[in-house]
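Look for subunit A in each of the two complexes below; its partner is subunit B in the first and subunit C in the second.
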Partner chain A sequence: MFIHDLNLAFRSLRRNPVLSALMIAAIAVGIAASMISITLYHARAGHPIPWKDDKLFAVTLDIRDDEPPRSFERHPEYPPFQVTYQDARELYKSDIPVHSVVMFRSGQVVTPQNKGIKPFGVSTRVTTADFFTMFDVPFLYGGGWPRSDDDAPGPVVVLSRFINEKIFGGINSVGRQVVLDGRSYRVVGVMAAWMPRPKYYDLNGWGGWEIPEEVFIPYGWGRALKLSPHGNTSCVRRNAKIDGNDTLFTQECVWLQYWIEVRNLADRDRYQAFVDNYANEQRKHGRFPRKNNNRVVNVPTWLAMWDVVGDDSRTQLALGFIFLAVCILNTLGLMLAKFLTAAPISGLRRALGARRADIIRQHILEVIVVGLLGGAVGMLLTLGGLGCLKVLMFSGRLAHSNNPDRIALIQSFVHMDIPVMLAAIGLSLLAGVLAGLYPAWRIGRLAPATFLKTQ
Partner chain B sequence: MIEMQNVSKVFRTAEVQTHALRDLTLKVEPGEFVAITGHSGSGKTTFLNVAGLLEELDGGRYTFDGQDVSRLTDNQRSGIRNEKIGFIFQGFNLIPDLNVYHNVEAPLHYRRMPGPERHRRITAALDRVGLSTRMKHIPSQLSGGQQQRVAIARAICGDPRVILADEPTGNLDTTMSEQIMELLMEINAAGTTILMVTHNPELAQRVHRQLHIVDGRIDQIHQFNPLQRRPAATSLAG
Partner chain C sequence: MEIRALLSALWRNKTGPLLVAAQVALTLAVVVNMAYIVRQKLEDAGKPTGLDLENIFWISVEANSPDYNFAAAVKADLAYLNALPGVVAASTSNNVPQTFNSSDLPFAADPQTLLNPNGGVFGVLYYGTDRLIDALGLKLVAGRQFSPGVVMPPAASFDASIARWAPEVIVTRAFADKVFPKGDALGKTVYTGLINKSAVIVGIVDQMRANPLPAQYEQFATQIVILPIIAPGPNARYIVRTKPGRRDALMAEVDKNFADLQPGRFIDRLEGLDRTAEDARQGYRATAIILSVATCFVVIVTIVGIVGLAAFSVASRTKQLGTRRAIGARRYHILRYFLVENWIITTGGVVLGCLLALAAGVQLSRMYQIPQWPLFYLVGGVLMLWVVGLLAVLLPALRAASISPAVATRTV
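So, the complex of A and B:
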């Protein structure tokens, strides 16, 4: 019976090819619009490290002056997203976390020993040793450095796979020397492919849509080499100001990212209490003029605070679905017209002994076929649309990047993965059924005798 | 075979009630060939639709093949239509994009009949109406008479107890009408009960009995060729 109904569905589509094509096109356009918005949303809305939801936390302290919010502050209810050097140093003394990381992003120049390669700039993460363990960084060769290399900084470096490829041709370079800003560092580790999306541990710049840094050196080098932070430095007290690199370490300016990893949520609560107690103590010395608004937040909350998936993404997604709904309504109208045109044949089938359920099932199968064909065409339109978006939005960045990780990141924005494709198939089926359910039901309810004289 | 007692059918709109059948009482014996005549709007087609379980009746009692079918569910009526009734229409009512074979096959599908059995019945039915060489033709490639013969093959392939024919020769010329009438009489002679609506008085006089309907009631009954009981009937199912 299924084969019979399927055969009837295709015959019915061929009987009125223009109307059938219009229905398929309407669903295809709706599917394409919604799939493009889902793909873009999906690329932004991913959870980069879900297995550490109850262990990994960003730490923020509300050190701001007790003044009304300034007009440009999008979320005045949140404390600054970074911490001062002084606070970072005090927080780092806590033994509640199993891992603590204080860090910032900077930049250096690599001078390869191979004279055939010209010196080139790299992005550098200046960080404490726990970075690699805390964020589950995979290694191709070697590993991170010990904590003892943090304060009295050891001349050690971790390279990204791309930089190792560029300088050493991809071999195991552990133990080799790399010259950064004229100073020689020993390679202790080479990272494997690693692209947290978004780059949640530091969301400054590009809203986190950037690849991880290419070089990692111990935190102590930041002060020793007076490396300037490449990111957001914000002086949050009215009497604070930056006057040279040294003042970063003395002024009430936030520029360091601070993360902890705890064993469980109870430890997270203990740490929150520790932070609040610290703020209370500091208040006695004239700091932290506001009531406590310090936050120790997990990654999803952190991403939400940063508006990583912003209102524009959600609006775009909603518009995609609204457009699909409009297309479904249009298809419903076309489907109803088509089914009613063929009502005499359905009446005849009823006279020949088809039950209502037979007629409804036959028509439902037809709308499913329309939905799937619409979905298949919609998938092609989606791929075409995403290809156009790639050219329009990212062609400049792609043209100027020779880093395969960066290219992969950019392409991931416009890449339909398996879950999104499955969503497209499901959506096509749903669209077809939604568009055809009422017309199929309506045609099944018609009295069989109605059209027999006129057929 | 068919027994109606005080059957009535009313069509209602917001403003008008039309009594299509009024207290119609009738008995049709198995194997009988009955012609139903009457002016346009007299209720002939409504009678046929009620008899064929295509319309529900509003009053009275209807017994079909020994079963009270006055208040059956839609599914039950579909089942009886499929297994016990064959329809022939004035406009042939063939499905235009299906070939002859698949048009005849349509009712057998709804009986969930296995493929080989369907094939046997279809070829037998098309043989019987003389169209076994036209199986692959679509209706538009056939003459009116041939199309009506396909419709007859579709009606008989399920081996029905009753055939209901609504002006089966209405769209055909005299020669073709004669061929179709001959075919129907042959089918009836094999034991199938036939009720035929017709405007043609000559055809009406060739059957066993003629019922004349006026305003939804049987006005006159003419007995032309009383039914003679046959010792045995041939059937496609055999």
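So, the complex of A and C:
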């Protein structure tokens, strides 16, 4: 029966090749448009560390002056997304979290011992020791450093896989020395490939669409070496004074990222109370002029607050679905026209004993065939379109990067993964059914006699 | 005209026309809003920079030795670069224009303003030597350039150099007009928040765009304060402007020789400024292209829908049309019938589409923080869909008009 229906469906499609091709093309284009937009959106809407939603929290304090919002601020209701040096120091004393991390991004120069390799610049994360356990950083060799190396900073360094390959050819380099800005550090760990997308732990630089840093050194080096932060630095209060004397470490400037990991949500609430209490104490000394607006938020909230997905992705997603809707309407119209043209045949089949259900089933099968063919062509169009996008969007920046992590990040924007592919198949079926259900029903409803009469 | 007959025929077979009208409605909403967003993006991408992009390149030099003598190296580097044949001017700079790096401070004509909440005007800071204006190819419209004697030597750190400040500044016209709305900025003293310093405006440049920020952040792109300060080391950025046509050769020469002029350093990056600017705008262009290609496809699909419906309606009415011709209708009557029928369908879609377009427009303007599109986008979209609709139906309508009256006499 099924084979018979399938046969009829293909026959029917061949009977009117132009119309059939148009329908398949319309579905294909609609599927491709929505698939491409879903891929672009999906690449940006990822959640990098879902298993720590009730443990991992970003901490921000509202130390701003009590003044009206500025015109360019998109979310004046949020506190600044980074904290000051002195607040970080005080928060770090709390023993509510199991891990606390205060950190910033900087840059240094590596001078390899091997004379064959020229010196080169690297991005450096200057961080407290818990970074690696808190963000579940995988290691190839070794691991992080002990907390005792943070304050009076120990000359230790963790390398990314790429840098370890560049300097040491990928061997287990734990115990070897690396020269950063002319100072020697001992390698304690080499990270395995690690690319949280987005780079939620620090949204500086392309709003979180950056690769992790290439080397990691203890937090104490930040002040000891006066490393400059490579990211947003904002002296948020009117009484902040830049006088050339350790501004970042003494003034009301926000430039540090602060994260905590707690055991459970009850500890999160305790921590929020601790932070608010800290702000209340500070208020007595003339700081924190606003009402308490300190946030201790988990990763999904954090990503939503700072809109890492971006307006363009959202617009593209909406456009993709409207596009699909137009295509479905289009196919619906064409399908209806096609079925009605072929109505006399159905009439004949009904007259010869086919039941209404048979007619409807046969037409629905034809619709599904169109949907699947459209989906298959659409998949090819999607791959082609994503290929074009890759060339279009990233040729410039890809061209002068030899860092495989950066290339991988950029490619991940146009990467179609299994869930998206399954969604494509589902969508094409849905599109076919949506476009064909009404025409099939309508054709099944027609009385056979009407068509037999005119013959 | 047979409007009533036409309407009643439409009503009898309303599913197809309704589908086409719905497509037209969605298409109108898409076309109007996407045209606006695309224009917005292209505007962001195409804003004039005021810089001589094609003849400028920049060098980023990083030190890798603790005993690198930055102050001496800068002096020697500037002398070398400015003496190269073919170089118009070379200067250090704290930031490379057309990247997203920038530093800014609040400024005001009256220091009291800076004490008010959110008082003052943001100015993006650029540090350079007396040659920076020439090295960037900026057009000085009032006042003078810095004299070589006033250029401050490099300080120990960035905040130390900000805190030390400089006695005079050159500003962009956008900055001057914002701080001194009466247009008399030249020679006036401008005060700065956070560091509590002041400086005299000695020159005004016509236009400079520091970075390709979107329109809502205009103040952080065009309000610029240029200071005669050599940015602190040990890493340095040099901006070099060459005579037309000489840039590529000079870039190659500098790439080969420059790093080794001083021991203990290397060239981190060396790039044409036009390339830098292009890279920074890539995102806008890409979005504009994606959205416009998708929008074109939506229009094409809708055209296919209109043609398909009209062709079906002609095919299924062949006999009826033949009969009409046989009893006296002229070709042009048939043509007109289909054009009017299509126009009514399109117009129905357009009416609904206007509402959809408006709803989407409100949403987008809130999202992108841009004003609602002006009315002519909607008017343009409506006109376009009318024309597209009529053109799409023309072919099937002509086919209908060419049906021979003899068809009426056939039985099938």
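Following the convention adopted for this analysis, the second predicted complex is superposed on the first by the 446 of 455 C-alpha atoms of A that agree within 3 Å, B and C clash if a C-alpha of one lies under 4 Å from a C-alpha of the other, contacts with A are read in each partner's own complex, and residues count from 1 in each chain.
The rule is short, and it goes like this: contacts are C-beta pairs under 8 Å (C-beta built on N, C-alpha and C of every residue); 3 or more make two chains touch, one makes a residue touch a chain.
None of the values given here were measured: they were computed from a predicted structure.
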item: Clash-or-fit label for the pair subunit B, subunit C on subunit A; value: fit
item: A:4 touches, of subunit B and subunit C: first, second, both or neither?; value: first
item: Touching partner for A:345 - first (subunit B), second (subunit C), both, neither; value: first
item: First (subunit B), second (subunit C), both or neither touched by A:389; value: second
item: Subunit B versus subunit C as contact partner of A:243, first or second or both or neither; value: second
item: Partner chain in contact with A:433 - subunit B first, subunit C second, else both or neither; value: neither
item: Subunit B versus subunit C as contact partner of A:353, first or second or both or neither; value: first
item: Touching partner for A:447 - first (subunit B), second (subunit C), both, neither; value: first
item: Dominant contact partner of subunit A by residue count, subunit C or subunit B; value: C
item: Which superposed partner A:368 touches (first subunit B, second subunit C, both, neither); value: neither
item: Partner chain(s) touched by A:329 [first = subunit B, second = subunit C, both, neither]; value: second
item: Least C-alpha distance (whole Å) that remains between subunit C and subunit B when both complexes are overlaid; value: 11
item: Overlapping contact positions on subunit A, where the subunit C interface meets the subunit B interface; value: 454
item: In the complex with subunit B, residue positions of subunit A that touch it; value: 1, 4, 11, 14-15, 344-345, 348-358, 447-449, 452-455
item: Complex contact set, residues of subunit A against subunit C; value: 19, 22, 25-26, 29-30, 33, 65-68, 70, 72, 74, 109-111, 118-121, 181-183, 226, 228, 235, 238, 240-245, 247-248, 311-312, 314-316, 319-320, 322-323, 325-327, 329-330, 332-334, 336-337, 340-341, 389, 392-393, 396-397, 400, 438, 442, 454
item: Complex interface listing, subunit C residues touching subunit A; value: 15-16, 19-20, 22-23, 26-27, 29-30, 34, 37, 62-66, 114-115, 117-118, 155-164, 193-196, 216-217, 219-220, 266, 268, 271, 275, 278-279, 282-283, 286-287, 289-291, 294-295, 297-298, 301-302, 304-305, 308-309, 311-312, 315-316, 364, 367-369, 412
item: Residues on subunit B engaged by subunit A in the complex (per definition of touch); value: 45, 49, 52, 54-55, 74-75, 78-79, 81-83, 87, 89-91, 93, 95, 97-98, 106-107, 109-112, 154, 158, 166
